[in-house]
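Each of the two complexes below includes chain A, the first together with chain B, the second together with chain C.
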Partner chain A sequence: MTDIAAFDETQQRGLTKRKLWMSVLLHGLLIGGSFIMLYPLLWMLSASFRPEEEIFSSTSLIPSSISFDAYPRGWFGLQESFGTFFWNSFVISILCVIGNLMACSLAAYAFARLNFWGRNFWFAIMLGTLMLPYHVTLVPQYVLFLNLGWVGTFLPLVVPKYLAVDAFFIFLMVQFFRGIPRELTEAAMMDGCSAWRIYWKVMLPLSLPVLATAAIFTFIWTWDDFFGPLIYLTDMRDYTVQLGLRSFVDSTGLSDWSGLFAMSILSLVPVFFFFLFFQRLLIEGIATTGLKR
Partner chain B sequence: MSTSVKLSKVYKRFGNVEVIHGIDLTVDPGEFTVFVGPSGCGKSTLLRMIAGLEPISGGELLIDDELMNEVPPAKRGIAMVFQSYALYPHMTVYKNLAFGLETAGMRKSEIEDRVRRAAEILQIGQLLDRKPKQLSGGQRQRVAIGRAIVREPRIFLFDEPLSNLDAELRVQMRVEIAKLHRDLGNTMIYVTHDQVEAMTMADKIVVLRMGHVEQVGAPLELYNRPANRFVAGFIGSPKMNFLNAGIEGADARSAAIRVGGGKIALPRPARSASAGQKIEFGVRPEHITIEQRDGRIPFAAAKVDLVENLGGQTLLYTTLADGQSLTISLDGQRAIEVGATVETFIDPATCHLFDAEGRII
Partner chain C sequence: MTTIATSGPISAQSRGWLARAWTRNGAGYMFLLPWFIGFFGLTAGPALVSLYLSFTSFDLLTAPRWIGLDNYIRIATADPKFMASMRVTFFFVLVSVPLKLIFALAVAMALNRGIRGLPWYRAIFYLPSLLGASVAISVLWRQLFAGDGLVNSFLANFGIEGPSWISNPNYSIYTLIVLAVWQFGSPMIIFLAGLRQIPQDMYEAAELDGASKWRQFWKITLPLLTPVVFFNAVVQTIEAFKAFTPAFIISGGTGGPINSTLFYTLYLYQEAFGFFRMGYASALAWVLLVIIALFTAFSFLTARYWVHYDD
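Showing the complex of A and B:
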């Protein structure tokens, strides 16, 4: 009896030990992987604090001395302060988020719930536009906006978002709306709701997760967009953060690298907080338990 | 004042497929009408057409003699309780009840009055601040009914409202809906596939099959005088026994029938039958006894294969001499051995004869 118990215990201990080693190994691998992925970011963060001459000569993440000078220098280092760029980026991104949420959800609602002639055909066409690269439509779009006199303003960056141009989000929302039980729409119809009121009072409140997804990605993509602003914005007073960052790299070779890295770090902050705020909605989801299945 | 509903040659087509084939039906004011039938018979579609949720492909729908085919659902004076309850998950119970009234632009004080009154009728006053996910199945069902009540509709439509509840709650809600009908006096149309619900609640039952009306009538009329084999089989539990039989001879006063390995003489006219005709002989399990009583005639000897004692009732599953199965339902508790042979007796008045097409003879 004792032998067996002792044997069991030894085996048990062996197993626990093996499990522990596996766990250590796994965590080691994961931490190592995370570090490799985070290294550029950490390097940039460290570069924003280190002396200018040390930036490209040292591979260490720990600076020899820490200085915050790069931040005010970067902020006021250009013809316009970074406050202007942040404001511009913020205005464009928020307007784009609002536009995308409104227009895409309306288009998606129509595709998901309303009956109209050629619905499937138009849905297929809409999906087809997913495959069009941005660069294909760029030139005709530029000509169009030039003729409208919009080049040099925010309008080319913002107005299209109010016309449901992001097929990806429309598709995402159509799929989500289709998952909302039809009985809810019918109950609302019996309650006397128009199609518009059903959209506003029933569909949208139940679609917070998909709306949050669309909001997060629209914000990140717009905030990070470099190409669009580069083409359409000409005056430095209208520049977004991304264009501002580019302005640090001087063609004469006299670039303020630590200022650039400092502002790059700051440019990540809004995206980080936006994500932090909306991801709660993503996870929360919605309990559609008004229906018993 | 109650409202009548009239369907006249109503058709429904989905593309090329016709699912409702020209139904004529009148629901009288204040009547509790139940649409009953197996899955896919078109009962829910018919209800949704009355509600205005499905367009009518042909024919006319009249509510209080007013043509309603093109009138939107909210303008028909109808409220509907859905099978899944369809409560708005993001609104509180109060909001759920008030939503339709708010949409109609009613004053706040009146909305509150109506919601409180409905909550009182259904005893859900203490739940008004809760969200649907915090309610039990029965409570959700009450809220769904409350949402219909507050609108003070002319007609209530129920689409299998009890099918998601457990057996006990179903019986309780059945009683409550019947009581609600008695108190409010509105016209109600109720869809179910459960014939017990139909029998217990209805003033009038409409039996549907494959988009046709098989029979319309009061519950007991359908039970006692089914128009065809389908209705006879559908109404009543356990199901009616159908035995292959043949007519030996028939005249204006009686019919001689070969059934279950023997012969019986039914003292009733069977004019439309002719000698040698193959028929089906129908008799309900509860109309068969194993004792001779007044007015009963000997039927057949049956070998008992299985006995089910339900306490108040004993079910015998038996086989007749010609190999056909016969179910017998006896009152009370009986000590009958499996394998025993029992003599059975029937009342000729409760027997039904069906021709090859299933029509009553």
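Showing the complex of A and C:
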């Protein structure tokens, strides 16, 4: 009996020991992987504080001496300052957020809660537009905006959001609205509330999480958008941060890396801010609907 | 029908019908009004116009001139740049998407077992895919893989003299693939959510039957995860077909060296906004649409043979 007990115990100890080793190995791998993933970003951050001549010689993350010169140099490196670009990006992104929240939630409410003829048909069509590559509408849209005199303004980047062209967010909101108990809206309907009042007074206040998720993703995607501004913005005074960075690459001929890195770091700050403070919303948004980023 | 029969004269009857139709459907259509304007004015309408333009020669300045199938014939037979961009794009899609999904699944599996510090790991692995779309990251990549960039400085520590990855047509596409795979965070999060849905007692039962972890992965985890794999594969493939910014920034808008990073979208952009061949660009867009549609249809058709739905 004692033999068997002793055998059991050693086996048990062996098992936990193996488990411990496995866990150490796993954490080792994950920490190593995390480091490799973050290394380029950290290196860019440190390079922006580095004397220019050191950028191409050092792989270390800690600069030999810290200099902030690159920031003002990069900021005023083009004939328009990056202040202009940041302001433009900010204005465009905010306007797009407002547009998406209004237009997509209206459409989503109709699809999720209202009964009308052809609802399933239009819903299927809406889902179909999710698959449509934007290139197919690119040329006619450009011609349309050109004829409206909108090329060279923010309008082609902003107005479509007020017409709910981002089907993705409609889908996201429909999923959320469907989860709101029907009794709540039906009770309001019994009390004689109009569809509009139910949408405004019942649905939207109950949907803050999905509205926040949609707002943050709209902001980030608009902030990061390069293609739209590239074709629609012509004057440097209207450039977004992304276009500013691209002009910086072109104009300095890659001679001022630290200035370029400094501005690159600054351009990532707003996105990083959302990552830090709204990470849970972002991750839940992705997990529940399978967002693409 | 009976209500119509009893509802009196035609005009009142039709007004009654209209009024009823309005009360029943009006609100829905009012709420959808912005979407309808957007759908017809900015999506369906333009898509049809671009189909028409694809049969024309159009330079924005003069009216489109009907040339029949010429654009498509040129695409199919006489456009080496189209062929080059197809090769580059397909290579990119077929290499980067599977690699990205394998990384995403492997890391998700590692993080799934109630590991300590999960929120930290998840955040760190997710960060690149949140930042990756911006020009800043493409700029960074351009430096990392330059001849005197970080990767080569690193290799120099081991006495290896690396090539200029960006400007060598044999390697340039791989820098873009690495960039895409680096952003495996979002499919990883979807995998994590999928893994959490697999009932734990299945593993316990398998454990009792003496099935190894490896066998459990192939017999339980992967089959039950196939809907998520399917979803991720479709979404990531469509995204990969549409990739633009990194190739544009890293190659300086050319798709070079020697068209080695000429993504399809980049070629389309050059035709449309570089040469103002708007008709030809529209034809290219429709070819892209057909490719994506064929691919999606193919995935859905084959899905029934490998995607496991529990119903």
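Brief remarks on what is shown
Just so we're on the same page, the second predicted complex is superposed on the first by the 246 of 293 C-alpha atoms of A that agree within 3 Å, B and C clash if a C-alpha of one lies under 4 Å from a C-alpha of the other, contacts with A are read in each partner's own complex, and residues count from 1 in each chain.
Rule of thumb we're sticking to: a contact is a pair of C-beta atoms (placed from the backbone, for glycine too) under 8 Å apart; a residue touches a chain by one contact, two chains touch by 3 or more.
Quick caveat: nothing in here was measured; it's all calculated off a predicted structure.
In the superposition on chain A, contact is made by A:59 with chain C only, not with chain B. Once the two structures are superposed, chain B and chain C can be ranked by residues of chain A touched, with C on top. In the superposed model, A:121 makes contact with neither chain B nor chain C. Within the superposed three-chain model, A:242 lies in touch with chain C and out of touch with chain B [touch as defined at top].
Of the two partner chains placed by superposition, only chain B is touched by A:202; chain C is not. Within the superposed three-chain model, A:190 lies in touch with chain B and out of touch with chain C [touch as defined at top].
Residue overlap on chain A between its contacts with chain B in one complex and with chain C in the other: 286-288, 290-293. Contact residues on chain B toward chain A in their complex (touch as defined above): 51-53, 72-75, 78-80, 82-90, 96, 99-100, 103-104, 132-133, 137, 140, 147, 151, 164.
Looking at the complex, you find that chain C touches chain A at residues 21, 24-29, 31-35, 37-39, 41-43, 45-47, 49-50, 53, 60, 107, 110-111, 115-117, 121-137, 139-144, 148-150, 153-154, 157, 182-183, 186, 189-190, 192-193, 231-232, 235-236, 238-239, 241-242, 244-245, 248-249, 252, 265, 268-269, 272-273, 278, 281-282, 284-286, 288-289, 292-293, 296. Those residues of chain A lying in contact with chain C across their complex are 26-27, 29-30, 33-34, 37-38, 40-41, 43-44, 56-59, 102-103, 106-107, 109-111, 114-117, 119, 122, 125-126, 129, 131-144, 146, 160, 162-165, 170, 194-196, 199, 220-221, 223-224, 226-227, 230-231, 241-242, 245-246, 249-250, 254, 257, 260-261, 263-265, 267-268, 271-272, 275, 279, 282-283, 286-288, 290-293. The touching residues of chain A, counted against chain B in their complex, run 181, 183-184, 186-193, 197, 201-202, 205-206, 286-293.
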